[in-house]
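Please read through the structure below; I'll follow up with questions.
Chain nomenclature is as follows: A, B, C and D, assigned in order of appearance, with residue numbering initiated at 1 for each chain independently.
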Amino acid sequence: MMQLLNLAFQTEATTLENGVAQATELASEAIQQSGGASHLILLLTVFVLAVFVGVEIIAKIPPTLHTPLMSGSNAISGITLVGAILAAGGDNGTWASILGFSAVVFASMNVVGGFVVTNRMLAMFKTRK
Amino acid sequence: MSPDLIDLFYLLAAILFIIGLKGLTKPRTAVKGNLLGSLAMLIAVVATMLHQDVLSVGGLLIAMAVGSVVGVVLALKIEMTAMPQLVALFNGLGGGASVLVAGAYLAGKEFSGKVASGNSFADVLTATAASGLIGAITLSGSLVAFGKLQELKFIKDISFPGQKLLNLVLALASIGFGYLVATQPQHAELWFWLMTITSTALGILLVISIGGADMPVVIALLNSYSGLAASATGFVLNNNLLIIAGSLVGASGLILTRIMCDAMNRSLWAVLFGTMQGGGKALSADEVYTNVKSTSADEVAMMLEVAQTVLIVPGYGMAVAQAQHAVRDLTNQLLGKDINVLFGIHPVAGRMPGHMNVLLAEADIDYDRLKEMDEVNSMMDQIDVAIILGANDVVNPLARTDPDSPIAGMPIIDADKARTVIVIKRSLSPGFAGIANPLFSADNALMLFADGKQAIVDINKALQEG
Amino acid sequence: MMQLLNLAFQTEATTLENGVAQATELASEAIQQSGGASHLILLLTVFVLAVFVGVEIIAKIPPTLHTPLMSGSNAISGITLVGAILAAGGDNGTWASILGFSAVVFASMNVVGGFVVTNRMLAMFKTRK
Amino acid sequence: MSPDLIDLFYLLAAILFIIGLKGLTKPRTAVKGNLLGSLAMLIAVVATMLHQDVLSVGGLLIAMAVGSVVGVVLALKIEMTAMPQLVALFNGLGGGASVLVAGAYLAGKEFSGKVASGNSFADVLTATAASGLIGAITLSGSLVAFGKLQELKFIKDISFPGQKLLNLVLALASIGFGYLVATQPQHAELWFWLMTITSTALGILLVISIGGADMPVVIALLNSYSGLAASATGFVLNNNLLIIAGSLVGASGLILTRIMCDAMNRSLWAVLFGTMQGGGKALSADEVYTNVKSTSADEVAMMLEVAQTVLIVPGYGMAVAQAQHAVRDLTNQLLGKDINVLFGIHPVAGRMPGHMNVLLAEADIDYDRLKEMDEVNSMMDQIDVAIILGANDVVNPLARTDPDSPIAGMPIIDADKARTVIVIKRSLSPGFAGIANPLFSADNALMLFADGKQAIVDINKALQEG
């Protein structure tokens, strides 16, 4: 536990420039030392669990729905849009903003187009009830 | 909005994604599932817009509006037959977005601050590299798949000696650059874009040599990749919604890929590394089509009059000809004459799974008449007349007999075992797999050369008059 | 981002006594401010995902296996043993240790007994192959 | 071991728990699933022992050894019939452990340090309160369930006026104390133990009024609770393995509860809040048993000789009498005489789900002869002789006819619709639900009063001689 304190006090010495990064580092180490899992491992855990959920959910799907599922889950994978918004929205200079905004355009095409085309496909089945 | 609140909304969105995806797996809940997914996306986007780091809301709204409008227009204007390539296109865009987000992260201030601090953060950089690598493969691979499905002229099934070696080199180079991204933060941007180039090339080469008939599997796989890329982006940005949604898609795409491979009786390995090209050249058309007999609509109508059970096997040609409504009319007329009509639906007939179901449902054909391949094959001896409507590969007996054929091992509808087979297509040209079909010169087969819709309309007329 | 730095520097003022706790607090806030989810919400996310996995997995189970499943999952719920070990193993004073050690005994009965009895039940089915 | 490494092992353990639990849902993989679960537990425990905060490894090993030995002895020595109560007991211990861990946390140094720092950490304290509250209910509720299943004399179906009100008061008090735990860290320990007392009382009262026949459902529910308690403990200790394993069990227990309720055709609500006591007193034994005819082993043997199809409906009495091996001999002898023998397995026959399957499998009876309730009921008109072997509630026609009966609505095996019914039990005393059974005085029913095993042995002998 002493280590943790030391780390906390060390921040005093850091310059403003790199203090942000160091504080974050410190942060995750502090949590970790206090008995909890490190941030990265928690993210990894979330990943693994979500994979299990995905696998279990898709296990039995009729062939008819393969295409709508493909296109619907494709739309969901457009969730990168969230990342794109964060990348484009921040104050990060021209180059990063260009990349970010292109990402926003791409991702929103993927998301919106994906959901609409899925809905259109599924509408074909509706007569069947 | 406070970060905690945003995260709670993210969690809500993640839950809705899961429920939505689950909905998509059952016919009755699929529409609702898709809507739930889009609701989740809306929640996620709105919550993100309220994040403290997001400054230029106006510009973002414009960018999203542009993307959305293009997406909606494409989604609504495209013909049903072109949907698979549209999915491939969207998928590629998602992968591209992952590359760009990772690139933007490396170009951004948070990153330069971290580099200046001199701390190691190889974990985040590894995720950045992964996001770029997978994203680039997804992007280029999907675009090639799009081109193949769209039958763009300049994209052919390219294969050349040493291709596998080149793939290997590109793969190793991409991984090597990725390693440099993770270990040399100072030059991370340079290595990152070099890596993007090599993995883009890799994506192109991997997909360009895959046979067109395997495209649906490839798209499902690339879909899985785009999910994994999104998930990697989540690790970069420390955002668990991206991680969850991405890995959901990654996992479900992988499972779907396996299910589809099983349906085509091919291993994923064989799909990816092309046993499709294997073996010597198959029989040429001239060798196969020695005994082709053609027929007319009137003759077909006469045969149908005396049949008890008629099987219709639709294929891609029915979709091209938009013959489904004519087929419905024919079905109703035959039923009125107490002739039983069944449809044999091959799992990969058409250009996307479920393609035939969609079209026949659109034409209001009773769902109970649609039989799956296995069921139809087990009752083939009771079929008096089998009408092959614009189908080719899915009834090609070579799949059973010629182990060197590109479709070897794919289960087919054994229409050749029906008493009489009527094949409706415009010519003797091959189907998607590009091979000749011995069924067309079988003793019990008659060709009706015509556009699919016209042929059915003609038969219908002949039946009414006869 | 400035907030984060301020937080980091504040630790300087804290006494040794409560520094540990404060540093941990600081830690999670730091991570959170830097754009990631707070620790608590990550744990919540893990919880929710695991619930989904549990629900999906059990959805279709034959009646014959109800009892073994009950007893097997009961053994798994004895995972509290891990918590009990942490509680008993630390340097926490007599009262806490007594509680911790009782917890270890209870939980290990639950775990070991649970797995053994499940195995015994399942062994009955083995003749069936 | 570094904390990161420990956490990776925890993640591995979590994955193994998931795979193990999945294994437990299929007969073929169940044994392996259970072993994987215990492997996961071993990994988790070893990793924890290597944690830097764990100082007194020796003492811990002793404590674990004590617990393990007791657990193993109980698990191996207990009779098959007593397994359900053993599961209840273990379950209660798990809940108890959660209470103790939460209590230890409040008594520990980390906590007092946090309190001294004056920071608010209501989230952790809420989890602590939840862990204590759910754990205490699990503990006391499971012990009462244990007592009921063990048929301990001092535990009766207690219900008194105002019980529901008292339950409500106890629940509110527990929640109130829990709120105080979360909001007044200085006195958290005091409030915690007060809360434990009220919720222990709540657990007792909730379960003590639930009819014995519903105990399996209650145990499944309490099992789910013990998972949730472990999960809450995970939030207290900031440990994601506890969270995952706990919520896995919590969710699966809940689903299992629902599945079991469905099987008994009762709502969870009805189970918990006792429509079991509902309605006026059912018919007394004297009213029901007006027309009881008894028979002998010899007579039964004669009836069997001339039968074509014999159905055996085993129940709890077969387990008590350990008659399964005798039943196997009888089955073989009847088969030798070309008489078909089937077994009708009610989903809740015996004292745990699958109880009969376990016993009959133990006696090597061909699995194909075991029919589920629905199948048997649909072929009841082909049954010449139905032997009810120590079953009672599961063949009680009151379930169909008397809406006030405690088993109303439970689907039963319609043995009363067989041509002849032989009921083997020692007396006219009731079964688990404590109600008389009109089947015993039905026109086509004959009672064979004897111990289950002896009766079958006698019939067997008579068959051999006759």
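Going forward, a contact is a pair of C-beta atoms (placed from the backbone, for glycine too) under 8 Å apart; a residue touches a chain by one contact, two chains touch by 3 or more.
This structure is a prediction, so every number in the text was calculated from the model and none was measured.
J.: Count the C-beta pairs in contact for C-D and for B-C, then report the pair with the higher count.
T.: When B-C is set beside C-D, the one with more contacts is C-D.
J.: What whole-Å value do you get for the distance between subunit A and subunit B if each is reduced to the mean of its CA atoms?
T.: Centre-to-centre distance between subunit A and subunit B: 25 Å.
J.: Would you mind pulling out the distance in Å between where the CA atoms of subunit A average out and where those of subunit D do?
T.: 42
J.: Could you tell me which residues belong to subunit B and also touch two or more other chains?
T.: In subunit B, 14, 18, 51, 53, 110, 237-240, 244 touch at least two other chains.
J.: Scan subunit C for residues touching two or more other chains and write them down.
T.: 14, 19-20, 22, 31, 34-36, 39, 42-43, 45-46, 48-50, 52-53, 57, 86
J.: Run through the chains and report each pair that touches.
T.: Per the contact definition above, the touching pairs are A-B, A-C, A-D, B-C, C-D.
J.: Under the stated contact criterion, what part of subunit A meets subunit B in this complex?
T.: Those residues of subunit A that touch subunit B are 14, 17-22, 25, 39-40, 43, 46-47, 50-55, 57-93, 95-97, 99-128.
J.: Within their complex, state which residues of subunit B touch subunit A.
T.: Those in contact with subunit A are residues 14, 17-18, 20-22, 24-27, 30-31, 33-35, 37-38, 40-41, 44-45, 48-49, 51, 53-57, 59-60, 63-64, 66-68, 70-72, 74-76, 78, 80, 83-84, 86-87, 90-91, 93-94, 96-98, 100-101, 103-105, 107-110, 113-114, 116-119, 121, 123, 216, 219-220, 223, 226-227, 229-231, 233-256, 259-260, 263, 347, 352-355, 357-359, 361-362, 364, 367, 372.
J.: State the interface residues of subunit C toward subunit B in the complex, per the touch definition above.
T.: 31-38, 41-42, 44-45, 48-49, 52
J.: List the residues on subunit A that touch subunit C in their complex, please.
T.: Counting only subunit A, the residues touching subunit C are 1, 4-5, 7-9, 11-12, 16, 19-20, 22-24, 26-31, 34-36, 39, 42-43, 45-46, 49-50, 52-53, 56-57, 86.
J.: Show which residues of subunit D lie in contact with subunit A when the two form their complex.
T.: 3-4, 7-8, 10-11, 14-15, 18, 51, 53, 110, 237-240, 244
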